[in-house]
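Scrolling down, you'll hit the structures one after another.
Across the two complexes that follow, subunit A remains constant while its partner is subunit B and subsequently subunit C.
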Partner chain A sequence: MEQIVAPSKMETFRRNLPVSLLKIKKEDLAASNERLLLNGFPNSRTEAWKYSRLNRIASLNLNTITSSPISWEHYSVTNEAYTFVFQNDRCIHFSQDLPDGIMVKEAAHLSLEEWKTLDINSHVIDINKTHAQNGLCLWLRKGVSLTKPVQLIFISSGTEQAAIHRNQFILEKNSKMEVIISHFSIDGQKNYKNIVSEFHLEENACLSVNKLQNEEGEDFHFSTENIHQKNNSNFSLTTLTLNGNWVRNDVNVFVDGEGCETFLNGAYLSKGIQHIDNHTTIDHMKPNCNSYELYKGVMDEKSTAVFNGKVFVRPDAQKIAAFQSNANVLIGDEASVNSKPELEIYADDVKCSHGSTIGQLDEEAIFYLQSRGISEKTARRLVLTAFMQDVFEKITSPVVVTFLNQVLSKRFNWDLSVLEED
Partner chain B sequence: MITIKNLHANIDGKEILRGLNLTVKAGEVHAIMGPNGAGKSTLASVLAGRDEYVITEGEVEFQGLDLLSLSTEDRAREGLFLAFQYPVEIPGVSNVNFLRTAINEIRAYKGQESLSAKDFMSLVREKSALVELDSKLASRSVNEGFSGGEKKRNEIFQMAMLAPKLAILDETDSGLDIDALRIVAKGVNQLKSPDNAAIVITHYQRLLDYIVPDFVHVLYKGQIVKTGGKELALELEEKGYDWIKEAHPTV
Partner chain C sequence: MANYTEENLAHELENQEYKFGFVTPIDADTIPIGLSEDVIRLISSKKEEPLWLLEHRLHAYNVWKTMEEPNWAHVKYKKPDFQSIAYYSAPKQSKKYESWDDVDPEMKATMAKLGISMEEQQRLTGVAVDFVMDSVSVATSFKEKLGELGIIFCSFSEAVQNHPDLVRKYMGTVVPTTDNFYAALNNAVFTDGSFCYIPKGVRCPMELSTYFRINAGGTGQFERTLVVADEGSYVSYLEGCTAPQRDENQLHAAVVELIALDNAEIKYSTVQNWYPGDKNGLGGIFNFVTKRGICHTNSKISWTQVETGSAVTWKYPSCILKGDHSIGEFYSVAVTNNYQQADTGTKMIHLGKNTKSTIISKGISAGKSQNSYRGLVQIHKSAKNARNFSQCDSLLMSSECGAHTFPYIECKNSTAKIEHEATTSKIGEDQLFYCKQRGIGEEKAIGLIVNGYCKEVLNQLPMEFAVEAQKLLTISLEGSVG
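What follows is the complex of A and B.
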């Protein structure tokens, strides 16, 4: 007699999701399917998901209906960029006028051999592998330096829509580029976004990624960035989370070459009932590298944040300098944050430091500024902006700075210009 | 300029000001002296609008306004300035930029146009020279990494920039060497005019050699218990506060 087993939450969740349109190795796909089936959604006993409960996501009734067309131009951070736009599950704009030395393809058009997938697993990556619809794949040829950034825009719209994409960037030797990945939502209601991006930096390549998360509405957002660095490469990622109902960022950097530099820079500003989770891992596999990680957050009202930063230094990875810091200011009485920096060092000749702080605004400082004639509101903004300044200062892209200023003044009523020197 | 009547203030249920009376007229300099813990800083804080203190009785009239009903920033905009006994450090907020914000908010309050960057910078140069504050310090983060003396000079620099009607200096002289003292005095004397006034809280008579007070008050257990001319400061220097304490065992 056959036993009737109720379908697991994961099965129900995936029921209406289309199968992946990407060509992924059969055994990889099978392994992902099996893990999802066996493990389901991680629960609160899983350390990596302890503070980011998945219940609300597991009970989404997702689909991919053709969405009503939108005009995306308004969401472009800059016109001086090679721009690729995705709305929910499809690509709605694909830049054609590319210079020599760069090749792009829609992910759905990649052959099996063209994928260079890093061996790293999570239920988010597994869902992505088994259901990805598209994405951008890009090769930057040897010695090519792009003068304009590549811009990816992901816009969600509608209700309970799934947007699952996979991007791949390959930077060949001595190449250099900047990428801006931005996320928006047009009245999104419980949409599910799962974007996995892999960046492969060959020798002496230099890549700067700015990730801008500014989703209105009630969406659930998962971003995964996996990075592989070879000798003397330079990678920097700035994650600016300025809005979003529920956001999870996973960043995994494999520093698999000597003489590399890695910069992870993050700012998260939240209010309402937002939840923002940043999980990062930097794995120093080879000697003579520097990594520098700074994440700062300001949580207002009832919003919550999570920071978990792991730095591994493997046994033979000598002469590593790794700096990590996470600082938080809670300005809402009911706001909270969980911060956990972790260092695991198996080499002896290394310089590593890490630290984490959680505090309130310095009321003495506010009073001091007010006593000089500055309104309480401006005083708070001055002190908060000063707190965030070292993260903001590291943004090298002028268009990203402009975008940041706009969002800060619109959403948070901040004005960064008060800090600028004349 | 300011009239304080029967002011009572407490913190955490502990009464610190217990019926304090003081009148300062335009053009005058008043010194307030008194032993540690008498309530001098409390008075300064209450006047500046620090809200940890609960005012249970009394009133304060400042240039015809009910001072206690104004916010801290509006008190400053109306011309009240407090040089703090312990100025705070504010990392990341530059001295000159915060002052520019302050000046422009004060000007907006008064319906005046913003000061141009150029005029503002020339004001910075003029006033930092007056208090011999290194122009590098002027553009650094507020008080961050400043020595004790630099912090106090920065207070006087800010006072000079804001040109208040009534300046209250809370032990600005403490911990200063004689040169720094002279500089602080210069800043205060520069501000002196028939329209302005100053309240100088101090432990030491020596500041009063440079800033000559019209009146000297002794504050003890939350009240002004004695008022005299500048010679009272010399007497206190000589005899200490014991004779005051003995005369007022149960204030």
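What follows is the complex of A and C.
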């Protein structure tokens, strides 16, 4: 239950937001509106928002002004991809040269019947439902395996602009593809981004998603990924939060089939007064599945991070193996972290575990490297890189790895800025 | 206990369900049900309390009226009707007991049945006991011997009369009057409990123990325990609880406060075996307890608990590590069977520099029970070089039970080192197979594995309790295999 702060705040917040251009069921829309009106913004007494205050977001004065299209090419992670680009609330590039077996549509053009919406609510999803402007919807036909990735780029520009989109990916039986979703901003003046993506994996489908968040400035970012998996499907999501003023990621996986595998990986690196919040839920509804979750983060200066990972095992979902791990390194004197790994198990023949650690760089390891003639600066860089490597090496896409290396060397000088002042 | 064999264990298993389910046919002085200011005044006057305490109670009551019952715990139960509980029930006594001989023979028989003997034999084991039945403390042993060392160990009411300064100084300093719904209720209506003060530099030579017993029907038990260990002292404190078998849900809402001043150490062990309700989930005690300790410089508080009873448990023995270099520990085994529900864990609040905490929690769920670990490790800005290690394991014994883990880790200091790990699984088929292959029957093998699983915690218990706890574990899990 989301608690009431002051419903009027929510109304002021939504005042200038255009109504959704998507064809969403009337009763769904009405329900969302009602919940927003009734509950307003959740406050810190609401469990899911305990550590992420929404005051600054609630006081935004959002609008949508048509800005002239920017050149997006240099934001592209790779040219070898089917690329779709959204600037603020509109689509500025829509790839046309698609192979057989794949169908795409702008979300605004989808008919009511074509939406396959999962039943899950939060104030973020409700705002998305009631105000979504566009998004990408994609169908991958039976047995089709894409050789090139699909790339979605979301760029925000301007001041207090709202970018609210809804994506839907449907992977039919035996299909396979890779998706790269990247987020950028041009000097980000308190823009608000709310992207909801739904992924439906049918039998034997295989999907790998890399989500890159590299937004400059003072933007507020909300990403929600809802995933529905059927028998023997394989889903992996890697979230790389490399830059962002205020980021909230919600990942909800419904493992609704046997023999599924789910991989959630995340890396978050923060400086300044950034706030990065990762919430994940893996709901094991059927037996004989495995899930693996690994989130690692490094917090510098006064930044804060939140991790909340929930693993559900429903009654009769036997033979589940679910592993979850969260590790944090605090390198900034005033950095802080809140971690809450949760297990809720209602079946007995399971193997579930979670671990969470918070600590610093191992001074002994650094001393060891120094004793071998390596400078302290390099030693720290090496130890930090080694710490993050666990997550980075799970990235299978070479183009993403290249991109990651570029950002790390540019933004963090590969040493994650520990010794910049030296 | 060396000659306690597995055969003995098997024998006990066959014969026992809840062996403390009897009722002592003793006249009780019970006040009418209901809660109001008048009832509080009545309790206060029955106990001949000073005015400040009555005011304390009334303040707590007024705040309590404005509070809501917490519902964040992972338990489901029918909320108690606070107006249908009798808040005071005392075994009738014609006069104050001057010596052991004055104690009602029925009462003596009860104690004997519960395995508490105040008499000679107990001197050998060297445990000083305070026995609390329903609302009042019945007897306290070894008072004189402890008195020689300056140790005060008596019922809470006696302490209010004889040591009002100490009680007033420390009561409510760890658990504020209005800390939470049940603590506020306790502050308003508490009737008795134990008080213990260890003077500077004294190492208490024996285990101090309180035995809580709910006897009368339709009542609740609201007791307070206050343990103060002055600078450089040491005390080990034990607590045991049982109640008769009844179809109703009785409420037990206690407040326990521990204060460890500089360089002091308190070890607090609980074997909680309130009546858990029958196989169909009927009856049983609601155990809503607030337990908290505060550690000053260089001091240590260690909580050990074995939770096997109660229909619903809601209990988080916590440590506030206020002083530099202080240490908090929490060792817990929580067993739930049939329809029992437990939401238990700890809070470690690190405020001082170089503070350390260890959490070892072992949950075992069987039958249709729900067992949750809920914990908080909080490192404040001031807690430089704080260290925490937590391990929470859950063992699942049946396909209809649940085991849950909700750890909160909040870190605001970059020099802290925190580790948390949790696992949930069932007894390995390979482990069972190995035992069977060596001629150990399934039931016994499970007992063996479960005891091994809990060893880390059981090892922390004083000897007398450890044996009791091991037996209790096996009994609680009887017939849950499969």
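Note that the second predicted complex is superposed on the first by the 407 of 422 C-alpha atoms of A that agree within 3 Å, B and C clash if a C-alpha of one lies under 4 Å from a C-alpha of the other, contacts with A are read in each partner's own complex, and residues count from 1 in each chain.
The criterion applied here is as follows: contacts are C-beta pairs under 8 Å (C-beta built on N, C-alpha and C of every residue); 3 or more make two chains touch, one makes a residue touch a chain.
What you are looking at is a predicted structure, and each value in this text was computed from that prediction instead of being measured.
**Q** Putting subunit B and subunit C on the same copy of subunit A, do they fit or clash?
**A** After superposition on subunit A, subunit B vs subunit C: fit, no clash.
**Q** Could you tell me if A:Glu27 is touching subunit B, subunit C, both of them or neither one (first, second, both, neither)?
**A** Touch status of A:Glu27: no partner.
**Q** Considering only the touch criterion stated at the top, classify A:Pro315 as touching first (subunit B), second (subunit C), both, or neither.
**A** second
**Q** On the A-aligned overlay, A:Asp97 touches which partner chain: subunit B = first, subunit C = second, or both, or neither?
**A** So A:Asp97 meets neither subunit B nor subunit C here.
**Q** Comparing subunit C with subunit B, which touches more residues belonging to subunit A?
**A** C
**Q** To the nearest 10 degrees, give me the subunit B-subunit A-subunit C angle using C-alpha centres.
**A** So the angle at the centre of subunit A is 70 degrees.
**Q** Using the superposition on chain A described above, determine whether A:Ala365 touches subunit B (first), subunit C (second), both, or neither.
**A** After superposing on A, A:Ala365 lies in contact with subunit B but is clear of subunit C.
**Q** Would you give the minimum C-alpha distance from subunit B to subunit C, in Å, for the three-chain superposition?
**A** So the smallest C-alpha to C-alpha spacing between these two chains is 15 Å.
**Q** For subunit A, which residues belong to both interfaces, subunit B and subunit C?
**A** The overlap between the subunit B and subunit C interfaces on subunit A is empty, containing no residue.
**Q** How about subunit C: which of its residues touch subunit A in the complex?
**A** Where subunit C meets subunit A, its residues are 72, 394, 396-426.
**Q** For a test of understanding, state which residues of subunit A touch subunit B in their complex under the given definition.
**A** Of all residues in subunit A, those touching subunit B are 362, 364-365, 367-376, 378-379, 382-383, 385-387, 389-390, 418-422.
**Q** Within the complex, which stretch of subunit A touches subunit C?
**A** Contact set of subunit A toward subunit C: 47, 51, 315-316, 318, 328, 330-360.
**Q** Give the list of subunit B residues in touch with subunit A in this complex.
**A** 48-50, 71-73, 75-77, 81-82, 84, 87-88, 90-94, 97-99, 101-103, 105-106, 109, 117, 121, 139, 141-142, 158, 162
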